[in-house]
Structures are given as structure tokens and as C-alpha cells.
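If you scroll down you'll find the structure; I have some questions about it.
Every chain is named by a letter (A, B, C and D) in the order it is written, and numbering of its residues begins at 1.
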Amino acid sequence: MSGSYFLRRLLLAVPTLFGVAVIVFVLLRVVPGDPIAMMIPPGAGADDIENLRRVYGLDQPMLVQFTRWLSDVARGDFGVSINLRQDVGRLVLSRLPASLELAVVATALAVLSGGLLAIAGVYWRGRWPEAVVDGLTGLTLAIPDFLWGLVFILVLGVLLPVLPISGRLDPRQAIAFSSQFYLAESLLRGEFRVLGMLFTHLVLPAAALALPLMAVIARMLKTSLSEAMTQDYVLVARVKGFTRGRIILREALRNAMIPTVTLTGVQFTFLVGGTVLVERIFSYPGIGNMAIGAVISRDLPLIQGLILTFAALFIAINLLVDLTTVMLNPRVRHG
Amino acid sequence: MLEARGLALALPDRAAKPWFGAAPLRPILNGIDMTVGAGESLGIVGESGSGKTTLGRCLLRLYKPTGGRLVFDGTDITDMEEPELRPLRARMQMIFQDPQASLNPRRRIAQIVAQPLLAFGLAADRQAALSAAHGLLERVGLNGGYGRRYPHELSGGQRQRVGIARAIAVKPALVVADEIVSGLDVSTQAQILALLAELKRDLGIALVLISHDLSVVRVVCDRVMVMQQGSVVETGPCAALFAAPSHPYTRTLLEAIPLPEIDPAWIEDEPSADVGSAEGRARAMDIEGSVAFVTGCNRGIGREMVAALATAGAAKIYASARHVEGLADLAAAHGGRVETLALDVTDHGGVAAAAQKCGDVTLLINNAGVNANRPLIGGDMAEQRREIETNYLGTLAMCGAFAPVLGRNGGGAIVNMLTILSRVNLPALGSYSASKAATFSLTQGVRAQLAGQGTLVVGVMPGAVDTEMSAHLPQPKLPPMEVAEAALAAVRQGIESIYVGEMAQGVAAGLAANATEVEKQFAEYLPQ
Amino acid sequence: MRAVLDIDDLHLRIGRMPVLRGVDLTVEAGQVHGLVGESGAGKTMVGRAVLGILPSAARITDGHVTFAGIDLINLPAASRRGLLGRRMSMIPQDPMTALNPVYRIGRQLTDVLRHSLGLGRQAARQRALELLEQVRIAEPGRVLRQYPHELSGGMRQRVLIASAFACGPEFIIADEPTTALDVTVQREILRLIRKLQQDKGTAILFVTHDLGVVAKICDRVSVIHSGRIVESGTASQLFAVPQHPYTKALFAATPRYDRPGNRLVPVPRQLTLRLLEDAAAYDQRRRMLRHA
Amino acid sequence: MAEWVRRSASRGGLWRALAGNGRVVFGGIVALVLVVVAVAAPVLAPHDPLRQDLLDSLLPPLWAGGDPRYLLGTDGLGRDIFSRLIFGARIALTVAVIAASLAALLGTLLGLMAGYFGRWVDTIISRLVDIWMAFPPVLLSIVLVAVIGAGLQAVIIAIVIVDWTRFCRVVRAEVLVQREQDYVTSAVTIGLSRWRILLGEILPNLVPVLLVLLTLEMGIAVIVEAILSFVGLSLSSDFPTWGGLIQEGRQYVYQSWWIMGLPVACIIVVVLGFNALGDGLRMVLDPVMRR
């Protein structure tokens, strides 16, 4: 059953992506600012402008532009960035690894800390650690990643300057990488000094992204765990003579993870969406930072390519979340 | 008033949904036939998954059936859309299983009860509706300030009272009550059931009570319908069905109920096939397709017997009586299947002629009887002779005349309508008891004689029955329909002696245990 | 006869609400002792107090609970866990929720065997198969591999019974074990419990609201109302001649399909009020005693 | 009117419960202060927020030895930060109230329809939500503002277009739950029409959830406005927005950290306030929790 279920979900992703493409395309064609006007040097004639319009196909009717663009996209050709004069696909691919590393580290931070907070809160239910956990989640839940980023810059970058607040690596260090996955590569090569440096740059933006998700996970998991702890099967486990720790970890946790994963799936896409702004704040060279730059400079092909990339990423994440839920829940697995 | 024919419902089974296309349909109800008469109370029982709750909602057209017809008050409501149904909804109401979920948590109790009055325009304005609501709440035993409270401020029993008040607010003709006492303690349950019985009696509402608890149904309902996996396995008057359940599932269900009395065998034995109130078991016979001959059809059990036979699917019914003109309406009611004929069972020539004429009979029901209501000594001799001639000789003549007919038609069955007084004499009705005792003895003898040709001979021993014949006897009395149904149930299962009703069952049990004691008790009922 | 469990003057509060007001109850070896009461009477709390699985707001304020000579109230948590599973266990109320939905039956049956008896994986599996056979499950091997949602309610309750009897306990608390089941399944489950109980000589405290079930399975019965035992005796005695007005009222309020003519009499309001007033007066006295 | 007064009086318990909830009190005070400051901005502000004085640029706040004329110091163009913050509250409140209400209205309506009518209505709306959820929300609002053009209206429209799905999803899910409750079935049995059941029976049960979502959305709207200003798309720097101040402060963060720190603090307080209010309302309004 799960196989066919995933096939159906996968097929449903196609119209969603198509919808995204249509909306993006239509939206961007009503941009009032003329992108061509921005890129021409002063003194160019009307002919030059006309020429450029033809080169970028902007003189064609909308429908023609759309079908041409769509068929190009289907072939993996996202066009050429107007501003950077480079292939969009290659541009996105060069920046994507940095964003992925940021998102993965942030997620790992959020899951780990959120999970620990929840378990601690339930284990010491009714005592001070629970109050601390509740207070912490309440605070971190209310404040979004954008503000956390700013707070970190102020506190840890400026007032107590302990961590760098800009970029991915110190620009004074010239380190050669063979791929864009700096973190993974230095880890594999065992270059721990570089790894440490990468981490000092990564930790603030990752923490800013992680905190809200951590709060969501902590609150959701704690609620589900508390709920699971009132279930009869926990009572049965207590009568079997198991300790509280074992019951939480081995009886309740897996049940509690099912609603937690489902509900934090959406929040997880928010984390990925949040990279847009956090990268901007920390001048981190990922696709989010690039996207804001593209919007400001009205770089149509680049914006289109980036939004489609994000959409594909989101859909992939949702599928992954679904898969995890199904793996955890035998009722759905065999349903 | 409400009639369902072949009612079916199938819902999409989401779990089995294929890659593409619609989910396959899973049948929930398979062709339910049922009727609910005005003022009648019908219990629907079954275990979880039997479809009883779905049926209840289907009857009120909260679900749209996928097959069959549903007629309410003469209107076919099977395919009606919601706007058309709306005016009818005032006449059919529902009481829900979970009173917490069925009361809008954001409304006060009085508003909840007043709402249907306003919705159906039964109250002039808000104020009138609210004051009517307070009256209704008092009617269901919620006096004082309950109207101003919210549902969550009430106990489970109180909430269920609110549910009842809301349902009866619009004076409906039919109320479906779905497991309304299942979550309640016995003391609360008893209160709600008492309230329900009282309202049913006072307001003349037809009630469909859905429950998994047969005891609850038995206490409240006249008729009962047993469901299993979306089908009706058995239906009949409560007294008859509980006394002699014909379907094995019903028997299992009844035996599984733990009665609050010590019985070590209950938990040790495998379930036995025996039914407490029935003795012996010969060859069973289907009523459906049978050709029946009934005597004494102009009143009481005889009339109901004809109706019961028609409902049970008898192919043909000869309805006889001394005065044939009283039978015209029976023939009209059941169409071509009922044929009336004049017959006085004391006229032996007439009896022989009837047997000659009705050569296709497979089921003979000797119902004709008279009761002089006299003691043995000091009674009118002529009346006593008439009793013997009708009750004993008449039955004997019928058995004798029809035995060859039944033998030719494959054995068939004879049902002799007796009385519990055939087993023990009630001095106040001394001569009647004695004549019936003779007939009881006759039944035993005929049974032995006809065993060879495969004829089932059934003796039906009811307690006091609510007929003209025993109008002067005190309550409780059995409805004649129940006696008729029980008799047919006995035929279906091949039970040779059946005691109908508590009184008869009690006396029979007493006779088996200590006959002298029973005789002593009956001896106290001397003629006035 | 030897007492397995002795509850003496047990008092329990949830928050500030007194729930048990001096419960006295003795369960003898090899017997089924019924504890009957309506909701809120405190019957479930008695069982929970014995097993030490009370809700967090509940406190035992007074009294003794002795199991096989061991004082359960003052027993350290670790020693109590040592008793649970091995010498005492429980058959829970709702088989639909009492099995962990995310694990196979096999794991849930073997974990207690491995934990309490220290059996190895293979030995535990073998024992689990035998246990499932004892509860008359036809294909034990297959059931071990199944998840709870793949079994019917009756099957799940059989698994839970197998689990309760797994380590051969001397004493089991059955908390409304058939309330969630259909009547036909209920009969089978009651038969099974009775048979295993008699074969193994286990003592059971059978908590229920159903007089009918008590009549069928119990040797002795205690009736509980507002946290106090109002009547106690052998089952045959209590069903033949109930003494306490509340017990009589319970009988009068229970519908019986075999006696439809008997009018159902709800438990009279005055009786309930009197019992509640008694309870309140009792609380008052205890408060005064404590302050004196 | 009399009816309303009577009802309010009878709900005395509710007001007491609200006043007794610490979160509601804290959130309420924050909201009240925001409203007062926004309304009375011209009276409260000591300076014209736009008046530049390049000679007085980058003055520190008073506590760090600044000029007593400028309570919280000045920005790079010598504008009074205190006055800019006060006027910034006006814009924040306007955006919060209007954008959140409109998003709530749109999302709730679509959510109600999708949840209650089901079938193709649900299919279309759910598909639309799916597509929306595939956009990174921040990027979408940035693109929208870029397309519509700068200005307060554009910011509000962008927030509504991006955030209606928050309401739609929750309302739809909640309606699906409520629809199966027997009180809805019971409303069918008394012959109420579908719209009446939806608006008269189901909607009131969604009010607590909606109120909570609305207060949260107000906090979000304040943040989105700040984000757009920060990216430089919202309003021209002539408008004293908190986001604009942050953007400006980012440039001087090493010399004068307070230019960025003060508006960040303002936003955090407002967002915490709205969150506390939402949480508190949820606790108080849930009839089951109130018990």
C-alpha cells in the first residue's frame, strides 16, 4: 500500500510544481520595472534595447514565452541570468550546497535540542526542569529566525565579539575545495582546522534557523509524549516493572514521534524558507541570499529558477516527512 | 409509519483505495426490511460492526441509502434532498450516543433545547421558545437553573436528559435513540430508561432504540430486531423472541449475557443450543411458503395469527370463524393470500368439509376456544359443555380431519393454542382450565400418533393474554401478537412445547421444581 | 485460607479530594475477588494503589497494603518494580489501547519475560508461543509477528491475558477487562480468565461495574461506594441475600432481559445522598482527629 | 444593545478569567501600549522623525553619555531615533491590524468552504494551498512587493496573499473535525440549512482558534513588514519604519549598535506580547480547558 501511496504523492507533486511555475511566470511578467533598461549601459540606443529584448525573448507573446521557458526547464535549461550573464542552472547548483549544509546543520541542531528538551520536560514532569523547558520553548517559539539572527549579530558578533557574523569562510584564508560541499569535504578529508572555521561561521545562522524549529519540536513532542504517557499501554509497561526512563524512551517515544514528525514537517519547510533571510543577514553565500539579490535586481530567469528550486525542495521535504511518518506507524504501513 | 424495504448502504473503503480512481464500496447494510408502527417501540440490537448505528442514521436519512426504499408517513424519502427533507425532520428526531459531542459546547442548555422550536417555527419568538425549553427541561427532570449552564457543566446523565428534551421538543412522531445509556452507570441508566418509558407512554412517540444491551431493549421495547454484519437475522415481538429465539446467533447472544445470579455452569460449559423456555425439539418447519389454516380468527390471538402468518410469508392462509362476516377486513388487509371461510369447529360435518376443501394445508392452527369464566362447581352445565365441545372436541375433530391432509403434504405442523392453565387448575376459571387440560393431554397423544408421518405438534402455553376472553384478568397481560409470533417461532424451530411470557415461564419452572407448591398458590384464586 | 493481598484502612486523595476512605479488603489465595461499584466509587484507584501506578496527583494518606507479607506502601520504588510483572500483574480495561501500536505482539510479550525472568531471546519466544497457545490463539507463530491493529479486540485481550499470566504471578488485578468487548467475546474472555486462574491458582482482584459479570466469575465480592466498602461477602451469599441498601438498589436498577416485568428502580436519591453525607461526615471526623 | 450588555454582564466570569491570566495581561498591556503610542505619536515624539541634522549624526543614547535632546541617540543622518521608533509603531500597528484581519477573513472563508462542502470545492482550495506551501513565504512576499511596488498597501497585500493559507489550513482541518461531531448531525435533524450550520453552529466553535491565530498573525505581520523594510523593498527611508531602522543600523552596527538594537528590541517585545496574548486567549476561551 505504501508504494502506491508514494507514487500517488509523487504524481501529485507534478501539478503543484506546474502551478508554482505558472504563478511565478505570470507574476514576474507584470513587473513594472523593465529589466532590460537596467542592464544596458548609458548611451545605448533604442535598437540595442530592441536587440536585447529579442535575445531574451521578451518581445514574444506571454504564452509563447511561457511554453518556450517551460520546455527549456523540462530539459534542464533554466536560461541565462540577465544580471550575472551566466547559466541559471549552473549558478543555482554552485550556491545550493552552501544552503543545504546550512539547512542540514540547523535541522540536526533543532531535532537534537528539541528532542532532548521534550524528553527532559516529560521525565521531570511537575518539577523545575519542566518549567525551564516550557519557558524556553515559549520564548523561542515566539521569536522568528529573522529576529534571532539579528539578536545573535548584536550579542555574539558585536557586543561580545566571539563569532564571525558574515560569510561562509574567512575571506583572508585561501582554501581550495574540489566541491561546493565545504563542510562535508573537510570532514571527509579530516581537515579539522578548516572544519572548525566553517563551523564558527555556520553556527550563528544555523542556530537562528534552528531555534524556532527546536521550539516546535520540543513543544509538540512533549505534548505527544505526555499524551502517550497517559495511554493504557504505558500503564501496562509500568505493571511489567519497567523504569520510567525505559518507558519514555522505548514505549512512548516512538508513538509520540508520529504526530511530531507530521506536524513539524510544515515547520521544517519554514526552516528552509527561512534560509532566504538568514543567509541575507549573515551574508552567507547560499541560494536564499542569491534570490533576494535577484529580486532586487529584477533578474527574471534567476528568480524563476530559484523559486522552482525552492518549490522542488519543499515538495521533496514533504515527501520525506510522509515517508518517515509511514515508517514509524505500522497502521499506515500495512493499512 | 416508517417502512424500509431492501435498505442498503455501501460506503467507500478508503483503506482499499487503489492507485487511481474511486475507492471500492464496502457494504454496511445489506437489504434491511423493517417497519416501525406509530407509537411502537422497536429495539435494534447487535454487536459492534453489526451496522445498527448506521441503520439508525439511515432511517432518519442522515445517510443516503445506496439501495432499497425508505417510506416515512407515506412519503418516499429515499432520494430526497436535504431541503425537501427539512419539513419532515420535525417529525423524526434523534437522541445521540455521546451527549457531550451532540450538544454544541458554545450554547447554553436552554438555547439548545429551544433551537429546534425556533428552527421549525413552533415558537412565536425567542422568548417563547426559551420558556418552552425551560418547561421541557423540567419535564425531563432538570428543574432549576440548568437552562443557563453550558453542556460541559452537566453530568453524563443530565446531558442525556437534555438530548431527550431536545428530541421531544418538536413533538416528533418518531425518535431514534442510539445507545443512549451505554456510557452510563446502572443507577443513571435506570433513571434514563424510566424517563424514556414514561415519555413514550405519555407522548405516543414511536421509538427506535438502538443498543448492544439486550436487557435494556427488553425493558423498553415491544418488538426487537437482531442484526449481524449489516443484515437482520431475526425480528419479532420481544416476549416471543426472548422466549424462543429462532436464530442461533440470537441464542448465542442471549446466552452470553451474564445475568446477575450465581451460575457456575455459565462460565464452564460451552454454549448449549437449548433454550430455557422450550422443551423438546422435533423437525422444524418454515412458515414462508406454507399454507395455513387458522380457526377462531374473528378476534384475539386468531386475528393476530393471520397477520403474523402474512408477515412471515405464508403462501396462503385460510382464516375461519363461526361468523365469517367479521373476517372481511382481514382478507382485504392481506390481499389475495387470505381466504375466509365460515366454520364452527363443533360442527363435525363442517370440519370434514373444510378438510376436503382445503387439501393444500401444511400448517394447522387450532385457535378456536371459549371461556365461560366459571368455577367447576356451581357453574352452568350448558356453558361447560360448550367449553368441552369447542376447546377439546373441536380441536380433536380438526386434528382428526386434517391429519391425512398434512400427511399428504409432507407432514406439516399442528399448533394447538393452549394456556398455562392447562397445566394447573385455576379454581376461578375451573371449567376452562379443565377443558384445556384435556386438550393438553390430547396434544401429547396426537403428537405421538402423528410422529410417524412427520407432523410437528406444538402446544402453546401463554399466560394471561390481552384479549376480550380474559378482559377481566389483571395486568400484566401479553399482547396477542406476541403469542402468535412465539407460536410461529416454535414451529420454525421445531419446539414442541412453548411457554410464552414471564408468568407462563415462571409457572412452568415452578411445576418442574415443585408442582405441589404451585398448585397451592393457584388454589388461592377462588371464585369471587 | 491464606491471604495474598490485605488492604487495611486505605485512604487516598487525588489533589484535595478524598477518593478512598478506609478501604478494607482481603484477597485470598486462588480466589477471584470482585470489587463492584459505579464510576467515581474509587474501585479503579484501589487496584492502582496496590500496583503503585497511581496518577501523579494521587497520594495515599493512610492505611496498609500488604502483599504476601510485604508492606507495599513503604516499599522502595525499585523493589516494587521487582515485584511487578513477576509476582503481580494486571489485565487492563481496553485491549484497543493497552497494546503499544507501534510494536509487534512478539516484542510486547517477550519483553516482560526477558526483563522479569531474564530469559534469552529464543527462550522468551518459545515461552511466548506457549502462552499464546494457553490463551487459545490458533496460530501463535503468526500472531507474534503481527501488530496490534491487525487483531480483533478479543484477540488483543487474549494477548494481554497471556502477558499478565506470563511470569506466573500470584496475584492479578483485572480492571474491567471485558467492559470494552461485545457480550459474546466477553463470555469467552471470562471463561479463559477463570480457567487460567483455576489452573494456576492465581488470586485475582476483579474490578467491574457489572453485577452480572461478578455473579459469573467471582468467589467473593466487595461492593464499593464513595471510597468505602459497603458490603463484602461470598458471592453466593451476596447474590442470595444482599444486605446493604445500596447493594439492593444496584440489583433493582439492573435491567434483566429475563425479567422484563420488573420495573427498574433507579438508586434512590435519598440513599445516594445519605451515602455521600456519611462520606462527608467521615472526612470531617478524620480532619478533626488529625488536628486534635 | 441591551441584549449585548446583558450578555456581557453574564459573562463576568470570562472577564475575570481573562484578567486572571498572566499571559493575557502581559499581551494586553503590550497591545495597549502599542495602540496608545501609535495613536499619540505626534504628541509623544519629541522631534520630527524625518528631520535630519548631519552635525548630530550617530549620537549615542542618553545612558551612554549622549546629548540630552536625543533620548535614544541619533542615526547616521542625525534623525532622532526615539521619534522614529514612536512613528514606526504607527506603521507596525497599521500593518498588523489590517493585514492580519484581511488574511484571516480570506483564509477562514476558504477554509470553511473547503472543510464543510468538501468534494471539488475542497479539491480546488486544497490544491491552491499546496501550491502556496511550495513557495518560500519570505521570498514570495519579497517578489510580490517587488512586483506591486513599494508602499504600505503593497506590504499589506503581500502579507494577505502569502499568509491566508495559515488560516485556511487550520480552519479546514478544524471544520473537518467539528463536522463529524454529533452536534452538527443534530443541527441537521432540526432542519438547519448548510450555511446556517456552518456559520451558526461550527464557526462559533472555531472562534478561540481564530482569535489565537489572529493575534499570532499580527506578530507575524509586524515581522514581515520589518523584513521587507530590511531588504529595502517596503517603504522609502522617508518612512520611519522599524525594519528600515534595522537596515540602516546594520551598516553602523560596529560603531553604534543601538541603532539596530533598539528597533529589534521593540519588535521582540511586540511579537512576544502578541504571542502571549494568543496563548492566554487559547487557555481562557477553550470551554473544556476553562472547566
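Simple rule for what comes next: contacts are C-beta pairs under 8 Å (C-beta built on N, C-alpha and C of every residue); 3 or more make two chains touch, one makes a residue touch a chain.
Quick caveat, the model's predicted, so the values are computed rather than measured.
The chain with its Cα centroid farthest from the Cα centroid of subunit D is B. A comparison of C-alpha centroids places C closest to the centre of the full protein. Once the centre of each chain is set as its mean CA position, subunit B and subunit D turn out to be 65 Å apart. Here the spacing of subunit A and subunit C, counted between their Cα centres, is 52 Å. The distance from the centre of subunit A to the centre of subunit B, each centre being the mean of the chain's C-alpha atoms, comes to 68 Å. Among the residues of subunit A, none is in touch with two or more other chains. Per the touch definition, subunit D reaches subunit B in the complex via residues 181-183, 185-194, 201, 204-205, 207, 287-288, 291. Against subunit A, in their complex, subunit D makes its touches with residues 127-128, 130-131, 133-139, 142-144, 146-147, 149, 219-220, 223, 226-227, 230-233, 246, 253-254, 257, 260-261, 264, 267-268, 271-272, 275-276, 279.
Listing the residues of subunit A that touch subunit D in their complex gives 12, 15-17, 19-20, 23-24, 27-28, 30-32, 138-139, 141-144, 146-147, 150-151, 153-154, 157-159, 266, 269-270, 272-274, 276-277, 280, 288, 291-292, 295-296, 298, 303, 306-307, 310-311, 314-315, 318. Residues 47-48, 185-191, 193-194, 212-219, 238-239, 242, 252-263, 266-268, 271, 476, 502 of subunit B touch subunit C in their complex.
Within the complex formed with subunit D, the subunit B residues making contact are 57, 60, 62, 82-83, 85-87, 89-90, 92-94, 96-98, 101-106, 115-116, 119-120, 150, 152-153, 166, 170.
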